[in-house]
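Notes follow once the structure below has been shown.
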């Protein structure tokens, strides 16, 4: 279904936010939001990124779009067959790039300016890039509205006249206005009720099919990510700990954290109450992460080596990457097994 | 009871079959959802403001005050320097409306004499001598709004004196002077706020939007300015104005001094608002769509802060008016021959004079009413300014 | 807590230096100096001064020195309690202002107490009875209080007190008591004179505090932990007192730092109108006569008072709110 | 409604609650009926605005009295030492009676662990306060019990002297639970207790609640929008839509064999984890109507895929039927 050309490549991306203190704003430490994150996204696929709050997934999206400058690393984008580094672009080039990569935010309330009409909101990117104006702009916006399942009668309304789901549709229309190739979806359905969530997921899937979009889909909800993604990356404390096509990742995880996440996610199958793996403790402070494998403080399988040595990022089977010292020896349980053992 | 499982299966099938393509969803949504009418920010604000009755009253009073000030020469029966020495320290006259059984506003003529003990001049109204009040009478010439020369006044008398708020020691009509004084007192606030706004808005928005060292610098500056109590600092600064300066220059420099201190509050408030708005995702969305700083500031930030600027300016008017009148009251502000409410009040500073002629403090009530009106209006505006957070 | 205090106190030093610098600059702003103003006084009373006398005066007062030197001479005595010399009063500045400073602080302090004692109960009532008749009345009175300038209130009091009520509405003592030694009678006489200016000074602040208290309490009443306290089974009164009011009072303390300078400003005007020996009247006089050291010290004192009261407010906040204390 | 003789701990009958806002009347609850057995868990599930939280707050009478009026219905609660249940709907929300029940016999935990504890008092303070309010103990004993409770929720004993802001979200929810359980209530109302937490922490808290339920033999009213949480926790479940319960029954019945079109739609909207068929989701069309609008007939008919079949858009609310024992549904299709 997907072509195999790589459209987006992230190499050893690191972002540390300095912590300032005192009158002279001395740097006293840093929040290590992203550490050596590497992955690549193929054309027209959906790469899911899943993790708990504070794992750095939102920072990842924003650094990739160069909303913040990274501490180190690079993000390469395939622009007409040429891999260009997002961080070395000049202003004008960056503006051109922005037409190709767009974003959808979590909170449809905050992501739409309440003082602008739907026409102004969806038309804004077109105006910024001088693509269309006047009557042409209007007809472009109408097309976009139809595409996301809204009525063209809504053109002159303000965001406060819409429900959460409709607002998210407006946000999607804005993201698609410039006909991007890649859309970063930052928890696009987390703020919505279940029934609305399903509408938006279907919409995103249809749009992907029709327009040949590539998605980077960020969420904390494992079932949503599995549903929509071709491949899934699991993040913990600023690093990717496992990356694999979704089926093997959910059926046979190779990192203890993935196993624990799968186990902790409640499912609606009332026939089987599963045996949970309860992770002890909480997320360590990202400004002072533990040495060695960052997960060792909560890992039930941890050994001495985990406390001292950072595990290597290895391809454990074709397309299945993980960073765990014991990945080869552990028999971890996936979704199916978790259910039946209860 | 029929086969309930069959029914449930039928519903499930309907969900599955129904190819809920987006178009059909849109159709259904149009049927099932009531969407509110298109309402812009300003309409929402106005609707909310209207609901607050005291705020509307405050607004009307403010409007009235400014209109009166604008047409001051017309409304006032006498000019600023019309001295009627034979009527010095005349207490406020009572206006009577009915004469000889019909409506005819008039005042009584006055017989003056001297108190045998204190030797103060006294006035005795003479009920027999009715002086009718005429409207649109001719009086001292002036230029309406500084443009059209005329000598018509809203009301006046053809003989004697009409002085509804009394006169001062030189026989000048307090009412006329208060109205003329409002021109200064109310514009000091306006000019002062405008200047504060200019400084405060630029620095506040810059400080909030750019953050970092710009913010740091502005904040330190504000802290230093604010480490002085305002009134004493104003006093010290205005005391430094040379006595020989022309009054108009003094007036302008005083507004500058007032706004030099007033901007800090404005800047802080705006910075807070900008900081909050800057964090909204729609700003990030615009930036990631390729918008420049200029685009964001002019298309998003300023429109979003505009309503707050209106509110903050309204709410800082009272302190400007108060500061001017306090300073002039102390003799450090506006200097005669220019007249403001504070200048008029200066005569009341002398305890003995005040106790004998208490109506000299009436200008103070105008200060209070204008401040009250601004406060009411500003309060209503503040509640209405954020129509999106209920 | 102690490190926090030390840190804050040390942090004040640069501000103090900058403030003293600005004060000196502001005081120097008027064209001419004290000697010129003496000159013009002498001239207006028909006399004249020759150039050598003028020069001698300048040298005597150090007015011939460069500004930096004058600043240094002024500032260096401060740590030892030497605040310079009032040219107009021919006395050390400190002697001129000491008792007046005392009265100023007393009046301000009492006004502050008045504000808090009155505003907190009213604020609590208004918030817990939102939109009731009582709340509306208090809100209106609050607006009124906020809008009547202190000089107008003083004037009204002067007229009403003297002409209507027939009680002495000015000064601190009745004439016969002014020079009498301290006694119970004199103290009572003082109280009789004191309450009105205290209320006048406190009224704007009271109105402000009521509004702040009401708003803040309304905010807090919507907080989850208030519901938690109710769900525990606590009595509503206790919920309000222990959870709501206790939290809602924080913004009141933060404005405490702002209230004190306002009190001082107010004491200038009220002192002037009601003939009370606060620093106000001599501050005004020193400004007009360019008695620069006197004016400068008073201005500086007021600025320091502001700094100190902000510090105190912060300390109190840190003391009652653990979140600040441990930062 | 057959089992009315049964000794339910809590029975809610036809509860109607209206909110009087500036914009108009919000009909938050329009006849909610529930019952909960001693020691069991009832899950109350529905999308935002369906009235599940209002139901919970009504039981303890915590709704603002000026704004919210109980227009009708009963909330029958069986107190520990009395045979006859009392009707909490009729109790004065300021009375001593309701206060002796709050925190003592019915305790509650909330959604926002960050704000549900007062920031200026220590955790211990706030727990001890609850203990001393309902039990005749000295402060020392109360402190002892508080520390025991903290241990029971797997927090360190020294948390007793910590301020809430020093704890993480999960720890605060534990502390909150310790406080709620400190007087051994017979009913715990948990209002979205894990919504603000991450899944791994959510799993910890759910596990904790289940083990404490066994230990203390209390009933739990679990309010959540997360069907998964309900599936794991609850014995019984009631599905709410627009202020009415549309379907209720044992968890296996409702989730395994849903009857109401809304319940079916909800379940069809959820992606199922581990389901490799990659089916397309079948969402419920449209969205929840405006809270100020008055919907007549079946509340769901506006979004129902089978709607208008038997006049469910009429004036009358469909009545409740019981197709199988204990499984109640409010839909005309099952008449």
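Chains here go by letter, A, B, C and D, matching the order in which they are written, and residues are numbered from 1 within each.
Assume contacts are C-beta pairs under 8 Å (C-beta built on N, C-alpha and C of every residue); 3 or more make two chains touch, one makes a residue touch a chain.
These figures come from a predicted structure and were not determined experimentally.
Participant: Using the mean of all protein Cα atoms as the middle point, what chain has its own Cα mean nearest that point?
Facilitator: Chain B is the most central one.
Participant: Would you mind telling me which chain pair, B-D or A-B, is linked by more contacting C-beta pairs?
Facilitator: A-B
Participant: Centre to centre, using CA atoms, which chain is the farthest one from subunit A?
Facilitator: When every chain centre is compared against subunit A, the largest gap points to C.
Participant: At what distance in angstrom does the C-alpha mean of subunit B lie from that of subunit A?
Facilitator: 51
Participant: Would you kindly tell me how far, in whole Å, the mean C-alpha position of subunit D lies from that of subunit A?
Facilitator: Here the centre of subunit D sits 33 Å away from the centre of subunit A.
Participant: Would you kindly tell me how far, in whole Å, the mean C-alpha position of subunit C lies from that of subunit A?
Facilitator: For subunit A versus subunit C, the centre distance works out to 57 Å.
Participant: Which positions in subunit D are in touch with at least two other chains?
Facilitator: As it turns out, subunit D has residues touching two or more other chains at 265, 268, 282-283, 285, 287.
Participant: Quick check on subunit B: which residues sit in contact with 2+ other chains?
Facilitator: Residue numbers touching two or more other chains: 20, 25, 29, 33.
Participant: Of all residues in subunit A, which are in touch with two or more distinct other chains?
Facilitator: Where subunit A meets two or more other chains at a single residue, that happens at 163, 166, 199, 202.
Participant: Following the definition at the start, I'd like every touching pair of chains, please.
Facilitator: Those chain pairs which touch are A-B, A-D, B-C, B-D, C-D.
Participant: In their complex, what parts of subunit C are in touch with subunit B?
Facilitator: Of all residues in subunit C, those touching subunit B are 15, 18-19, 22, 26-27, 29-31, 140, 143-144, 146-149, 151-152, 155-156, 158-159, 162-163, 170, 261-262, 264-265, 268-269, 272-273, 275, 283-284, 287-288, 295, 298-299, 302-303, 305-307.
Participant: Which residues, counting only subunit D, touch subunit C once they are in their complex?
Facilitator: These residues of subunit D touch subunit C: 60, 62, 94, 99-104, 107-108, 110, 112, 115-120, 129-130, 133-134, 163, 165-166, 176, 179.
Participant: Under the stated contact criterion, what part of subunit C meets subunit D in this complex?
Facilitator: Checking each residue of subunit C against subunit D gives 223-225, 227-236, 243, 246-247, 320-323, 326.
Participant: Which bits of subunit D are touching subunit B when the two form their complex?
Facilitator: 257-259, 261, 264-265, 268, 282-283, 285-287, 289-290, 293, 302-303, 305-306, 321, 323-324, 333-334
Participant: Inside the complex, what are the residues of subunit B that reach subunit D?
Facilitator: 1-2, 4-5, 7-8, 10-12, 14-16, 18, 20, 24-25, 28-29, 31-34
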